[in-house]
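Supplied in structure tokens, the structure appears directly below.
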Amino acid sequence: MKKNSKLIWTPDRSKFPEQNSDGSLDVDLASQKYVKVWQGPNHPGVTGNMSLELTICGDEIVQAKTHVGYLHRGFEKLIERRKFIQGFTTCIRMCVAEPDTNEYNFSRCVEELSGIEVPEMANWLRALALEMARLQMLLRIVPGQGNTTGLGLGVQWGVYLRDLILDRFEELTGGRVYHMYITPGGVRGLLPDGFKQRMEDALKKIDEFIVDITKLMYNNAVFKKRTVGVGYLDPAWIDKFGVVGPNARAAGFKRDVRKDYPYLIYDKLDYEPFTATDSDIYTRSLVRREDLRTTVELIRQIMAKMPKTGNIRAQTPNVLHWKIPKGETYVRCESSRGEYGYYMVTDGSEFPRRVNLRGPSYVHAVSLLEKLLVGANIADVSSMMVSLGTCPPEIER
Amino acid sequence: MDNIAIKLLFTLLGLFIVLNWGLIQAGIMNKIVARVGKRIGMPVYQPYFNLIKLYSKRTSITHGVMFYLGPLFRLSGGVGMFLFMPLIFGSEYWSNFSFAGDVVLILYFQFFGMLGMALGAGEGGHPYSAIGVSRGLSQWTTIELPLTLAIISIAIQYHSLSFTDIVAAQQGGITHWTMWTNPLATAAGMLAFLGTMGHSPFDLVKAPNEIPIGPPTEYHSTFLGVLRTNAAILHVVESVLFMNLFFGGATSWFELILKTFLIYFWSVFVGVVFPRFRIEQSVSWFLKVPLILGILAIIFI
Amino acid sequence: MSLKDILTPFTAWGNIVKEPITIKDPINNRPGAPRYRGFHKNDITKCIGCGSCEEICPNNAIDLLPVEGIETKDGDSGLRPRIDYGRCCWCGLCVDVCTTGSLTLSNEYKWIEEGNADAYRFTPGVDKKPWDKNELGWNKPVPNYEFYALDRVEMQELEPNKRDNSFIEIVQGFSKEQAQLEADRCVECGICVAACPAHMGIPAYIKAIRDDDLEHGLNILYDTNPLPEICGRICTHKCESVCSLGHRGEPLSIRWLKRYIADQNPSEEYKKILETENIEKNGKKVAIIGAGPSGLSAAYYLALLGYEVKIFELYPEAGGMMRYGIPEYRLPYDQIDKDIDYILSLGVEIQYNTRVGGDVSLDELKEKYDAVFAGTGLHLGRSTRIPGSDHKNVYQSIELLSKITKGEEINLTEKIVVIGGGNVAMDITRSLARLQKQKFGKVQIITTSLETEDILPADVEEVVEAREENAVINPGWGPKSVEIIDGKIKGLNVVRCLSVFDEEHRFSPKFDEDDKKFFEGDMIVESIGQGMDISYIAEDIKSSIEFGPRGRIVVDKYFQSSAKWLFVGGDIIQGPDVIHGIANGHKAALGIDKYLHH
Amino acid sequence: MEQILQDIGKQFKITDIVKKRDNLNFITCEKEQTISLITYLRDIKGFSHFVLLSVVDWIEDGVFQLVYFLNNPDKKIDIGIRTMISRENATMTSAHHLWEQIATYQRELKEMYGIDFPGSPRVDESFILEGWDDIPPMRREFDTKKYSEENFFPREGRETNDPEEYMKKKLYPDEEK
Amino acid sequence: MAIEEQNKKNKFIDPDLEKREILSPDGEIIKIDPMKDYFCDAKPKVHEPANKVIEKFLNWSRANSLWVLAFGTGCGSIEIPSLMTSRFDANRFGVQMRPTPRQSSVFIISGYLAVKTLKRVIRSYEQMQEPRYVVALGSCTVNGGMYYDSYNTINRLDYYIPVDVYVAGCMPRPEAMLAGFNKLKERIKAGRAEGANEYAEKFDWYKANQKKIIKDWNMPDYNW
């Protein structure tokens, strides 16, 4: 995309009330100048189940507060009550849309703390599962960006393709949405017969989809009008807010855990993450489309390079009474929304002492979104949320 | 045809046909939109189920008298338009109550429904209704401009403010249609038509992703049933309006159904593949493209 | 906004001529993938109700409940898992962990309930469901995917060529790492506890090994078994035969783990660990006949209760059949001494070389003591009674074994035939093989039995090891006659044995008389069972005791005979088995306590 | 990494250095020095990316372990800074001025652990929970299962048997120990 | 008054929900009580079904026009896009998503409910017009599911709102959901789906259950 600095929209914050030192605003609702509007939790434009408390003046947002907790299940508390083998079934529900990153991070924490080496084959299969998970998530997000502006057609196509990937998941892992495939110690199954062929068929359809969605959405005059220059994320904010992944890449920062801190077998794969500099909704969406392309390519590479067969599970201690010595670690992997990290502390018992998830949405959808929405048009709220890749369950856990 | 009773009877029969055609048309359009999304889509008769269901809800709460009247105003707007719209050219039975100045009256009714709805929706107390109403009215104002300009252009062209006259002038072959004789007015009118039908990119009045679903947020049960009934009538009558203005009217029911379908399809055709404009984009677009076309239509007539 | 940007989106209308991708009948035509994790199935005949599924379920979704028509028996708890679909998350961990492989998931996934959510609770396999016949669905994924090791930790043993000429203990015992690794395999189901005659707290002491708390482990052992060193070596380990791990892999080496605990605790520390330094005496006296497992066990528990216990033993050393019936390479004498010394250290007295009924009469004991426990065991060898079996070179294994223990010379020949397929037959075979190796430098010994290889009563490892030591095991033959020429044994005539038991599982062998064979040998050892000798019970006492079929003394559950003061236990009640003897002794001790205090 | 640790050691009192991976270290720092250490790392050592702020409840020792996890995106190294604060009167200096999102973390910790961060924006507003009136739920002494059973009506009629106990009851009911 | 007491007890009081007085531009003092709903705070009533034959016809149309409230309460909402889009296309069975509770007749509780969400669910449910139906997805609505021991999720849904159809699974697949809709249709056609009336009958019991766990009950007791 041609850089068009004229289009970059920066909110003029001068006409809004002065911010207090703690960032709050004195908005006098009784002055009839402002209206308070709640978006969510029961709102089709809000991703997941969260809500935004917007104070608007006309169509412009003066103040935004995010409210989360509608999906809070106390995971971190529950995992403290689950054995290590039980934990991975629980923690994956932390992000419904892309559960495998949770499985992987949890397993890797456990393996690292108990000093278990995972067999080579399992690593390849894990990478495959992670990339498939990213693929299915992107197939929701990429057309979903169109949906937020009223272009529902892309979703019809994209979700179908996502379903094809879920079918492959079903074959490979036995689960459709919650795969529970990556266990501490390895994975739970080899590729079924004919898997590669069926996967390739699905990938071909995704290639076509990328062409179609580009024509429909990325080359759409109205879509461009709605997204180019809107939701500008200042590159100076990347570090200030801890922005990661595609959102950082759209602002010119080449942040990709797969490249920066190679895990599994990613150092054996050949690819380059896409970066752009315009940092608006359109660019972020563009980065995601390129991610989609990359992911398809990566899955092809993984399937071509992976060994035919092999051991898929390291011999762990008996899982019914698996104790891990005292220790702590932090692991991260690249989810479709950026760095996805787990901090785990063990205390020598059969249960983890503390598991803390660092989801990208935690900053994207709370502190960043609150700031980014000020001065924006109320019509762009859901566009912005989707472009930031908000996933509420990983905020509140 | 002096007997007013028979006239009324045929008018009501026409209303019945128009209502049914409106519902079936909505079903067909749903099917077509579904096919573009590579799916089967709801059955053609689904709008009937919806309508019966809405009327059969056991409870329906109201937020006061104006809330109650909103849908009725809207319905009277739609039915009013219908009453004064000649359906079939040359047929006394199907010309309803059209008279010499019906074009003006219909434009009035077009806006009347809107206003009534706005009042009722505002009474619902929901902020999304209020936002939707203010958006709807501002957008409608900008739609009216090119549409009115186009109609003025046609009125100048045919020296008449009567549909019967306008349609009569277009008889005698496809080349006599306003579409060919006054393409600028047609272009302005048909772009305005996109706005009147409320499909993307001009559907932000009820944009489900931001203000679900705009003015009718609080409407439900029978109220929504009335609104849906009106929508079915209105969609056909709007199409008939544009058919009469630009596409030579209809001389038979078949022609009417075909033409209204195609005209309505035009809005669907555009709507499916475009996202929606923001309100200020929509307003500025209407003030740019169709308005200029409308002005040009008047200048060049 | 270029014209291209306005026009290209319309390409999407191309889809209108394409066939929709919607699935026509998704409800009926969409079976889950072959590996799909759908609803549960359970093969209830295979399931043993071990409860591993309940243990691993992250959501507490599985209950173990008794099921009508399934008996609780050894190796089967009679419980079956009931799944609560108000909890289940279909992770399939229960399938992965299942010890028998009976629990699987089908690929069915539709279960709609109208209004009544209580229905989502069912016992798979028992409550009939439409998917019970479903073949597809989640199974255990692939080999090598196990939640616990299926194979035992290799036990270090002496090489055959190093052991076949000496009586050094073969089994070396676990190191700490090995023991913990082996203990780690335990799934803590507890099914073994019921199978063990002494109902030892097996999962608990295995847990103690995992936690490296061997002192606690020893406490658990001594709760039910005062001879852990001995049992840790030669127990018939009924627990291992029912071990839930044994259904798909090798059962846990429970015996070796017990031995590990006993081995690791030094005998000097026992009193401190077991807190038996001060036992309050209650002033009552009990006499025990026979220092075998049952006698020692009774003595130990009585001593713990504060009784003054005296054991009358026929032989010069204590241990009974454990010492005189089991060869040293399986059970070294110093280990027997370790256990016995500890029991003696509690104040138990043994009067050696005393034959009750001879040196001291039962009546005397009755007078002097408050109660008497008789655990005299089975010391008489049984004969096959085939023609020629009365020859002087036809021996009973039991007497040979005790001779070997005592160090007495036996008349060893170069070719030996052993009749019998039990562990005792293997013991005598291997002992004689060692002696042959020492004396002649080679082994020529044939062991034959009625039972064929697959139903051989001896432990598999015994047979394997015997063969490693160059003994020939040739099962499936019934002895017909001893071939004697010129007063010297030439060998044994045998015929093919077709079946040993009849339909009702009674001993009734059938032979194929045409299929004959001749085993060459100049010495024949019979090892087909033992008999008891209760001649020490005088006639007047005998008349007050009730006898059952085959001359067995009738006892109640506390092993109290009809003569209230006389308790009888051990092999003479329940056949030759150490652990039974120990359990009997324990029970009897409790019975005596009850008898004397109430 | 070694160099950085040495540099820190010169200026701050750090203990308990754990090298988890080549690019991941954990260090313990005193409560008073923590914020200045973080500022130092951010401004001088290039740890510009704040990863997370977490708490571990060591109820046995009566302390909360706060973990500030920083990342240096250029050198690709991570450091976790642990600080122990007492469980009673749990208060910590706010660090919201360093990174914007820390305010959110502190709000969460206030709610979930009851750790106060005076001066942090909106720290007293509820974040996830609504109307919570029990002890902060993430503290170790809070028994979530008990709370759930008391409040949320688990479906009744569940019972289970332990195989060992059940077999004992069934096969040798009068056995004594 | 109970609300105020509860609010006082509560640590977090939403200032927007407090009673206040404001001065209008012409000097008039206006009292504002945001907690009062000026139109609808009456207890719900049982609405008897109409005449049998008519009701059968109406139920038939109701069954074929299921408008679902687009409220993703839990994990299950991840399968709703699949359900509604081209692959499974629930539209052809008359299932449609509506963005507002007023216009919806089916409430899909897609899995676990956090207490905070339950509060919104109850309000949304009460705003739906009768007859209304509830479809509960997954284990969580039956007996707590994965989160049976969580301090913030309810264990069984039928204590708070009447449930018509349960679909087993975690998550139920779209096919199972479609089967669930079929079952719901059967139920409606047979006239058994009278959850709204049940709610009105056992209103006090439901309210007591709801109030037991929703600690800050800062909303009207009933709100249609």
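For reference, chains read A, B, C, D and E in written order, and residue numbers begin at 1 within each chain.
What we mean here is this: contacts are C-beta pairs under 8 Å (C-beta built on N, C-alpha and C of every residue); 3 or more make two chains touch, one makes a residue touch a chain.
Because the structure is a prediction, the values reported are computed rather than measured.
Looking at the partners of chain A and chain D together, the chains they share are C, E. Minimum number of contact steps separating chain A from chain C: 1. Here the chain at the heart of the shown protein, by mean C-alpha position, is A. Here C-D and B-C were compared by C-beta pairs in contact; the pair with more is C-D.
Across the assembly, the mean Cα position most removed from that of chain B is the one of C. Each chain gets one centre point, the mean of its Cα atoms, and the points for chain B and chain E are 35 Å apart. For the pair chain B and chain D, the distance between mean C-alpha positions equals 61 Å. Multi-chain contact residues, meaning those touching two or more other chains, occur in chain A at positions 36, 43-44, 69, 72, 74, 77-78, 81, 89-90, 153, 156-157, 160, 176, 178, 216, 220-221, 225. For chain D, the set of residues touching two or more other chains reads 126, 128-130, 137, 142, 144-145, 155.
Each of residues 34, 36-40, 208, 212, 272-274 in chain B touches at least two other chains. The chain pairs satisfying the stated touch condition come to A-B, A-C, A-D, A-E, B-C, B-E, C-D, C-E, D-E. The touching residues of chain E, counted against chain B in their complex, run 39-40, 47, 58, 61-62, 64-65, 67, 70, 85-87, 89, 91-92, 94, 96, 98-100, 102-103, 105, 129-131, 196, 224. If you check the complex, the residues on chain A that touch chain C are 82-83, 85-87, 89-90, 153, 160, 167, 170-176, 178, 180, 186, 188-190, 192, 212, 215-217, 219-221, 224-225, 311-313, 315-321. Chain C contributes residues 20-23, 26-27, 30, 39, 58-61, 84-90, 109-115, 117, 120 to its touches with chain E in the complex. Looking at the complex, you find that chain D touches chain E at residues 124-126, 128-134, 137, 142, 144-145, 147-148, 151-155.
Against chain A, the residues of chain E that register as touching in their complex are 16, 22, 69-75, 77-79, 81-82, 85-87, 97, 99, 101, 112, 114, 116-117, 120, 124, 146-147, 149-153, 170-171, 173.
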